[in-house]
Structure formats: C-alpha cells, structure tokens
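Scroll down for the structure; my scribbles are underneath it.
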Amino acid sequence: MSANTFGTLFRFTSWGESHGPAIGVVVDGVPPRLPLAEADIQHWLDQRKPGTSRFVTQRKEPDRVEILSGVFEGQTTGTPLSLLIRNEDARSKDYGEIKDLFRPGHADYAYWKKYGIRDHRGGGRASARETASRVAAGAVARRILGDGVRIRGALVQLGSRAIDRARWDWNAVGANPFWCPDPVEAAAWEPYLDAIRRKGSSVGAVIEVVAEGVPAGLGAPVYGKLDSDLAAAMMGINAVKGVEIGAGFAAAALSGEDNADEMRIRDQAVAFLSNHAGGILGGISTGQDLVVRFAVKPTSSILSPRKTITVHGTEAEIVTKGRHDPCVGIRAVPVGEAMMACVLADHLLRHRGQIGG
Amino acid sequence: MSANTFGTLFRFTSWGESHGPAIGVVVDGVPPRLPLAEADIQHWLDQRKPGTSRFVTQRKEPDRVEILSGVFEGQTTGTPLSLLIRNEDARSKDYGEIKDLFRPGHADYAYWKKYGIRDHRGGGRASARETASRVAAGAVARRILGDGVRIRGALVQLGSRAIDRARWDWNAVGANPFWCPDPVEAAAWEPYLDAIRRKGSSVGAVIEVVAEGVPAGLGAPVYGKLDSDLAAAMMGINAVKGVEIGAGFAAAALSGEDNADEMRIRDQAVAFLSNHAGGILGGISTGQDLVVRFAVKPTSSILSPRKTITVHGTEAEIVTKGRHDPCVGIRAVPVGEAMMACVLADHLLRHRGQIGG
Amino acid sequence: MSANTFGTLFRFTSWGESHGPAIGVVVDGVPPRLPLAEADIQHWLDQRKPGTSRFVTQRKEPDRVEILSGVFEGQTTGTPLSLLIRNEDARSKDYGEIKDLFRPGHADYAYWKKYGIRDHRGGGRASARETASRVAAGAVARRILGDGVRIRGALVQLGSRAIDRARWDWNAVGANPFWCPDPVEAAAWEPYLDAIRRKGSSVGAVIEVVAEGVPAGLGAPVYGKLDSDLAAAMMGINAVKGVEIGAGFAAAALSGEDNADEMRIRDQAVAFLSNHAGGILGGISTGQDLVVRFAVKPTSSILSPRKTITVHGTEAEIVTKGRHDPCVGIRAVPVGEAMMACVLADHLLRHRGQIGG
Amino acid sequence: MSANTFGTLFRFTSWGESHGPAIGVVVDGVPPRLPLAEADIQHWLDQRKPGTSRFVTQRKEPDRVEILSGVFEGQTTGTPLSLLIRNEDARSKDYGEIKDLFRPGHADYAYWKKYGIRDHRGGGRASARETASRVAAGAVARRILGDGVRIRGALVQLGSRAIDRARWDWNAVGANPFWCPDPVEAAAWEPYLDAIRRKGSSVGAVIEVVAEGVPAGLGAPVYGKLDSDLAAAMMGINAVKGVEIGAGFAAAALSGEDNADEMRIRDQAVAFLSNHAGGILGGISTGQDLVVRFAVKPTSSILSPRKTITVHGTEAEIVTKGRHDPCVGIRAVPVGEAMMACVLADHLLRHRGQIGG
C-alpha cells in the first residue's frame, strides 16, 4: 500500500498537516453519474468534528468541505474528486515549548528517525486531524455502496469499562456523547471520563463497526482478502493497536464445533445459525453482517509529566498541554465507519471488474 | 493489495491449488548479489511442513523447493525468483464425498458465491498449503534483512490455555511440538491436544512474532504504515481472526500514563523504559522490538457432524474426514514469521527508495 | 497505471477541470529535506503558461502555484505536497453553443461513451490545462534529480517544417517563441504559423527531450523498462500520437552494423561512439544522453466547419471558436521535459530501493 | 509499472532466463468460468516459436506450455494461472567466449551497471525468449475479450522496404514467412533478407497491430490512457524503439482540418469518415479500429566485428555467433498482438470495475 494512498480501484490520496493552511483528499475511481453535493459529505464530517462535547478536543474546527473537482451539475463525472478542508483554529504557539522534545507514545521520535525533519506543530501529518480526509472519502464510498449497505459503529469499551452486549440498542448510540449502544453503561461513562479528563489523563477504547447488506462474494484470496484489507484499514487509523473480525481473539479458545457457523435454508434463502466468522470466510464475504472491532490506545498527550529525551539527545520531562481528547477513541467511531465504507466500495468495484455484474 | 501478490518493492505472487500438480511463488524486487541456494529456503520450509508430529496433518509432503530462475552461480541476479514446490501426496478421493457440500467455517461457500465454480479438492486455492509459498518468500526476505534482524515466533495460547509469560524461554520453543516458549505449559499441552485430536475436534491458538534488530524509521504515514501492513499480512494468513501490536487490545484499558513508553539515554543510546507500542509509533518503527500477535480460529474440518447445505440449496449434514490439523495454529508460527520478514524486507527497500542508504 | 496517478515511488495524482475553481496535484514519495519554495515550481510553470505569445492560447492564466502541505521551514518533510493552481480566466460561456456537439478529434465523444456524462466546458478534465499539474510535479522531480541531471526540450518539427539538426543550438531555444533550436528555421516558422493562425487552422509538431547526466543503471526489465515508462509518459500527454527513443522509427531501416553503438575507453571512462539507442538498452539507462521524441497532432479546435453529430444522435456541423493554440505542440515542450523528470525521479528512487545507495 | 508484472486488474508476472530450466508466467485477475485448455494457449505460442523458417533463429524450442494452476475441469476458476514453458535447446556453450564482453546494442552493459552481475548465457532475462510468456498471457487475454474483438498484426516494413498499403490483404499475412500483408512485397523480401542473413547482418522492421470490435469507452484519463498503456506495452517489447497510434508521427504535418475524423450517422449508428486517431481520443476508445505501429531495431547479434569493451574495462572486438534472427521484428508480430490483447483485457476489466456492465 502506498504511503498516502488507500485502495485499488476506489482509491483516495490524502494530504495536509494539522497546522498547515488546509488538509484534503483526492478521491479517484468514483463511478460516474452518482448524485453528490458538499452537504452529502458534510453530514459525515460533522459527526467527527471536534468540539461537540467536553469529552473531545476543544479545538474549534468547522471542518467545512469544498468540492473542487469531479462533480458537474450535481453528479460525479468519473474524474477525481478533490475535497478541501481548511484549518481554521490551528494554534501553533501551543506547541512551541515542546518543539525539541519527543512526546512518549507520539509519532515524534519515529518521524525524526525516518525523515530527519518534522513539523512539530500539532503532530503535523501524524495528527488525528488527517482522519477528516478519511471521513470525507468514506462519504463518497457510501454513495457507491448505495442504500442497501448500512454501516454503523459503536464504542463497546471505554477504558476498563465494557458494555453489556445484551443491552445493545442502536438507537442509544446517537443519544450519548460516546457512541455507546448500551444506555446504562453510557450513563456511567460520563462521570468516569470526567474524572479522567479533569486530572489530565486519558484512556483507550474499543470500537465495533458493523456493515449490513453486504453481498456475498466480495473480497479475494489470498492477499487481497476482505479481512486483510479491513485489518489494514483499521490498524492504519491513528492510535489503533488491534483489530479483530467476528469472534476475533476469542476464537482461539473455541472448539471447532462451537466456532462453526452452521447453515440452513430459511425462506428459500441461505441462513447461518451464528456469525463467529464476522461475515468473512476465506477472505470473501458470505452475505452475513461484517463485524470488525478495533482497539484504540489512550491519548498520548497527557498532563502528568513523563520522562523523555530531546532532539539533542539529552534527558527531559514533558507535559503536553494543548487541547486534547481524554479518549481519542470516541472520535474514531465515524473514522472506522468511513474506512469500512472505503474498503467495501473498493472491493465492490474490484469484484465487478473481475466477475462482472 | 492485489489478490495474489503481496508487497510493493519486495513483492511476491503465489499460485497453485492444494491438489494440483504443484504450488509456487514468484519473488520480485530482490536485490542482486545476495547468496542464495535451495537449501537456504528449504531450511524454513522444513519448519512448516506437515507430518512432523501427531499434532499436525498426516499428509506426507516433502515440500522440496526448486529455484527455476533468478539465481546465477549462487547469487541472486535482481530478476524474479521462481520457486516451485510439487504436490506429491494429494489424495483427491478423500474429498469426493463432500464435493457438493459447503463445509461450515471453510471458504467453500464464499468461493462458490464469488466465482460460481470451485476446486473442491482439499480447499483448492484456499488450502493452508498455499502458506508454503509465503514461507519460501519469507526465506528470501530474511536474506535481504540480513543477520542483524532476528525474527522468531511462538505459540502463546493453545485453545483455552495461555502460557505464563514469566516463564518465557526462547530455547524452549524448539524443544516441543508446539513452538511453546513456556516449558511447563508445553508439557500440559500434550495431553490437552491429544484429547481434542482423538475426538476429532479442534482448537484455535494465539501466535506471537517478535522481530529484534529492526532499525528505527521503517514504515510510513498514513496508509503505508508498518503496523497497517503487518496487520494485513497476518490477517491474510488462513484462519486468522485477529491481530494486535504491542499492548494490543489491552491498551484500551490502560491510562495514558501507564501506556506511555518513557525514554531515557542509556550508554549514549536512546532507551525506552517499556514497549507498549510494540516497536511502532505513527506507523514507523522506533528501533524497539516489533511485537505482533495473531489469533487463529479452530480448524474447521472436524469429525462431529455439522448442519450445512449443498450447492443445490438443500439441507444436509457434514463430517470432514481427510487428514487435518487438530490445531492449525501450530503450523502458522513459521508462516507468521515469514510474513513478518516479507513486510520488513519490503519496508526496508521502500525506506531506502525514498530516503536513501 | 492508475487513471489519475503517475509513478511508483515518486508518484503524483492530478485533479481538476479546465473550468472548475482550480486544478492541482498531490506529489507523494518526495525525499525529505530538499529545499523547496513556491518560486522553484513557479519558474517552470511560467514556461508553460498561456498567453505569452500570439502563437499560443490567449487565455490569461497566471498559473500561480500554492504549496498547501509537505513543506516545513523551506524544506520538504517527506509527506505529500499538495499543489494548487486556481483557474482565473475560465470563460465557460464560450462553450455554451457546443455543449451538445462532439468536436471531431476531441475527447468529447469518447468521454460521453465511457461516462455517460461530460463537463463540456473547455474540455473539462481532458483539457490541456491539466498539464500544468505535470509541470508542477516535474519541478519537484527536478529537485530530486539534482543539478547533475539536465533536462531540455525543443521543437524539432512544426507542421511540415523540420529543423536542420546541423544547426542545433540550445541557446536558440529560448530566443524564439517556438522552443526551436534552429535559429534559421525559427525565423521561417513565424510567418508560417501566422498564416495558419489567421485562417483559424492548426498544425502539429514533433518535440525532442534530452536528459544529460543520467547515471547508468536506471530502469528495469521487463515491464518496468525505462523506455516503456517514458513511452507511457509521453503518449499520455494530450494530443500525442507517437513516441520514439534514440534512432526511433528510423532504426527499422538500419543494418545491425550501423545501429550498433560501439564502445571504447576514453580517459579511463566508458565511451560510446554513437547513440542510436537513445541512452537505453534492455530497458536500462547506459549513461549516455536520453533522447526521446514525441509527435503532437494538430489542435482539434479550428474555425473551419467540420461534420459531426450531436449527443442526440443527429448530424450537425461544428466550428470551435474559443481561444486556442494554433499549434498545441509548442506548449507541450515544458510538459515533455516535466514528464521526463518525473520518470527519471521515480526510477532513481526505485533503483535505490532495490539496489541501494 | 512493476518490473516484471504487467497490468492492473488483468495482470501477469513473468519469470525465467533464456538458459535456465524453464520460463513462465503467472496470470492473475482472470474471470472465472472461461473455457481454457493448454491447446488454446499453444495455438498462439506456435506462431511465435523459433525455427519455423530460415528467417528466424534456428534454436529448436517446442515451447510446450503446461498449465499448473487456475483451471479446474476445463474452466478458469478465478485464481492465478501458472503457465510453464521448459527450455529444451539452450546451448550455453555458445556464449562462453563472450561472457566477459559487452555486446553493443545488447542489454549486457546496462544490466552490468545496474545489478553488478549478469547471466550472460543467451541474454539471460533480457532474451527475446521472455516474449513467449507474453504470448501465453495474450492467449488468456483473448479468451477474456471474446470473439467479438479481433486482433491481427502484420509486418509493414522490413529494413528499408515498406509495403504498399493499397495492396493490403489480410489473407496474405499467413501465406509468407514475414507476416507481410502485401503479397508483392513479400516476394521481394525473400531475396532481400536472404542476402542480409547470409552475410551475418540484420535489419529492423515496423509492425502494425489492429484490433477490430473494441467497444467505445475503454481507457481513462489522464495517466491510465489506453494509448499510454499501449505505448508502454509495445515499447516494452525487446528491441522496440518507437510506437505510434493512428496517423502517428505523420499527424505532426497534418492540418487540423485534415486530421479531424468527421462524424456522421450511418444506419442509425455513429460512423467516422476517417481514422487518423487510430481509434483513441482523450485516452479512451471510440469504437473505431485500434491501430498501433511499432519499430523494431535490427538484431544486435551480428557476425561483423564491432568495437566493444570487457567487464574489466579493456577494449576489445566482438563477433556474436549463436543462432540469431536476421530480423527479430518478424517474431515480434505475435508478441505485439499479445500485448494488444493484454492491454485491452485489462482495460475491459478496469472499465467494468468503475462503470459496470
């Protein structure tokens, strides 16, 4: 996979740093004659944007998208979409005092070792701000997938607190600031995260993304597997440290009998009696719901002093002030949805290319 | 990622079905003038080959590799290596009775829905036999990485039984048939897996692969991340359902303070005080050990009858006889190592391309 | 090759239509710590820009480039460069009367058949305006190649009038509005092209691009050949219908004896006694000058009425007014240079990736 | 484009040297359920194979193809085809005396400079023998295109002797050893080439490949152009120095009026009154015949002594004995057809991927 391009037929290339004039994404391979307006993309960007609650960064970015190309009279033309989002509330001075320090858990040191130069302002290219480009691309991907495919995400664990899956209610997801599908747990999360936020600390999270209505047959053996591409997509989101499909890591402890998703015919259609596979077998979708989970580590920027070193090779302590998310996993939910949409749109076109129809 | 090709600069294309005349792999992008003989590749293939203990499939395949191109007078020439492995013990008749049935948990149904045709003999292209190609490519990748990079894998969980990490001993790994680094647990696994094997059942496993000596700076933001490519590589191995890096899913429950890998200067070199990151920050290696784990589901081919359907859309029961692994995760250890080597070799060349020597 | 992306390691993705708000290009894979400012790119854009003489389109576009990302404190960071050029003098009304007509020789009909929709204003995405993106990318490529590689282009044939190669003088190239290296012929071209321009007609041209200082060893067998990539690069420029390397089509009539570029040792260095190969053998550079020529067809937009059809399938006549180049080949010279630079920069990085330093 | 892989969705990877045990090609992206047998591929290989007349190399290679994977019960399965061709008449001793010499016009020196090692036997990887892999892949591509697309090639110039296009007769092509469509000229070519052959010299050629029945709409702006990919495909064939489409280089001298392919409605269908465009506008097929020509340089291996140098940097003379083609362009005809088929099959799948249907 190229460094700043994602996808094969439906592919996008993102650019831009947190504290530059703008960020953006070029989306290529889009089928022609799809209705598309800025509002269609804005809808999804608004779900990711900062400043919507006290649990996410207080940076005020309207994240207003402009379509610069690829749409004519309200329809895609089949040529590349250039989507631009200006940076409006970049406060680079917040970063002046840490410009010679490597923040533990941040990309600072790794960038420095790779490139010998880094834009220290707000994480530069490594900033989670880049994920707005993914959400914008994901909005286009959803257009390609059409209304038959429904992609939704939820936070299933916040720090050490997991939801009770028996209480899962998709309607609850939009009713709390955490994308939590368990209304009881959501209520408990407020004081829990407030306490963490107030002491300038942070926690991680686990996000689950589900795609319904995905036709059987998407994906491919053996290196273009749908699960392989989903794993790359999710692991590539900032701060993600783990990805699993269906039963995931729990599958290791199951017996072959318990793990098998048995098959029956119901109403003249194929029916599976369980979904440990998470909708994918042999790298190809089965028509069941796709179920992907990913783990986000705690935000690295915290108020407690940490031991670090400087670019000059001397020891130091660091405290990261700035305006940070106490749980960066919350804003990762729409990002995970977007990456799911992008992978599926790409595989839909790839499947159509090889197989037709 | 293309369907049967893996990698960008160091790239290989695998081909072949379980019950055809041969399988093989074409390895492209190899630097010239590396010493390479068939024995160098055979060494690693022998670690993956079937029939070495009663805990893996009894199919007798010598897995003898032939180099058909790309080597001249004992050195690589920079042109593609064609590596061929003949299938010698394919018993296609074992599969005759299930040719119209979809095995739950197998790729059968998904292939059928995608291609409208399938080679039902031994899983065809979806067979774990394909992983011999990965191991062969991995042997070439290790040559590129050189002796400074050491890649080792171990089974850290077999079914419901996890090792005690306090007892980790790399020397133990080769001394039991499970690649288990915990000698106490290894002893307990024998009767545990024997019981599973005797009743024709199966269990899953968790494998950990560690790479030492990886230089800082490999990888790239934001879609060519080292962790993203590792996730794709591991998730693409047959039967894998989850991948994690460093602290992985456990990172979700950590606080920002606990998760931070603090930095000091020790003996004039950068030293990290912990390795929750698993050696990767912002998609780029930090110089710490790379630590990747992946979960393998239980072998789908089991003796207990399972509910399924036929290619004609009628209901049926299935029992899979054949010669199967009670835990396919055991033979996944050298495969995971090989994929780690391939990802690192590719990123080494990609890094050198952009940044230089 | 992807539809709107060019290159493998040094790669750029262009976007934008002639009459949209802007065009632009994202340049990825750029090595870090190269000095780069907008003026470095502007220098080359100014050579391609319209309105500089009466022999090129009178559209007034300043073609002012903005760097939106990838540069920090005057140096490249290794992350993508986003380069933006606003469209300022788009007169879409010029095109209103031909919006239902297919212009013979234009991409109109082919786009319509492919996409079922087209942005008819000024050629949309098929406009030669897109080549500004190539020139901008080429400016970055030259930075990568460094001062040791010198790339220059010239017009060697205008319509039916070819230069006399015996009079070739690189200093003449900048002294006439045609990039003509033959000062005698250049003088004759003025009245020749004036006559064509005044009657609203057009002619084609042949451009030669020469790269000096290219190290031996760039390129690769057998599908990543340097000549193959140069052919793709030049044939992909608007209106190009032919590409040749070195002796090119004339090589067909040579004997093996005459075509051989014999080799000697001169001043302890390898010396070739001729350069029929144009600097490439077996797809790999030899260290001689790279010599590429390409033919540009006459501008399709002319004042004489031509027979055509409408989008409704009825017959019609068309006259294209607008502001067109009497010989679009003139402005193709800097574009050909830019594509040469991009191919060489890409191959330099690819070579370094596989072979090292 | 990768070094040894060609194509995007329909893609093949070739491997093998002239004097190794075998050469071969892995063909990926093939749609499933196409009938395919070895004989279907052999048919086209037999047209390229050596030793069929005194005008081509006397090396005796049956070029027998074996399908090792990807076909089940006579149909493609959608998984990779591995095609193997054994080398049977390699006489490596022929090359012993030139192993330290660089043959002028050959890839020897360039390979040496790139890789620092070369398989000098018969050109190694740079041998025209590799083109058998292209022809094999082309046979599969033709299956994808179906009977509606007809691809035929012809030699339109041999050395300094061009055909008279007024006498073009496709039936003549198979009736002479030159693929010459002009029966009068074909008769004259026999003594002409005999004289060249007898003195151990060689000449070049120009080949024209025509594809009929190509639907409008294949290809893409602006870097995935059909003509751009055709140019890369043809320029990548051994010894090719020039490529042109439609009117090609002659277009430079045409006026806009003469070059325009006017359009009419005939029998309710779109009709073009000429085909200067060679069937491509804006990088996209128009439904007219695709017309591509390419120039092949004279065979570099000749009997007359040429000045050269050794790998040790000393001056020398060289005479190349071996068994060579007096005009390597003759056997390039089926190779050109194959590359046309491969490019079209790839674009057909790519078009279907983006647009559908």
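Letters A, B, C and D name the chains as they come in the text, with residue numbers starting at 1 for each one.
One rule holds in what follows: a residue touches a chain if its C-beta (ideal position, glycine included) is under 8 Å from a C-beta of that chain, and two chains touch if they have at least 3 such contacts.
What you are looking at is a predicted structure, and each value in this text was computed from that prediction instead of being measured.
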Chain pair showing more contacts of the two, B-C and C-D: C-D
Farthest-lying chain, centroid of Cα atoms versus that of subunit C: B
Averaged-CA centre spacing for the pair subunit D and subunit B, given as whole angstrom: 39
Chain centre separation (subunit C, subunit D; CA means) in Å: 26
Distance between the centres, which are taken as Cα means, of subunit C and subunit B, whole angstrom: 46
Shared-contact residues (touching 2 or more other chains) in subunit B: 2-5, 14, 29, 32, 78-79, 114-115, 125, 221, 355
Touching residues (chain side subunit D, partner subunit C) in the complex: 1-6, 8, 14, 102, 104-111, 113-115, 125-126, 130, 157, 159-160, 196, 201-206, 216-225, 227-236, 240-265, 268, 270, 273, 276-278, 280-287, 295-302, 304, 306-309, 313-315, 329, 351, 355
Residues of subunit A defined as touching subunit D within the complex: 9, 29-32, 78-79, 221, 349-350, 352-356
Complex interface listing, subunit B residues touching subunit D: 2-5, 11, 13-17, 20-24, 26, 28-29, 32-33, 68-70, 72, 75, 77-82, 114-119, 124-125
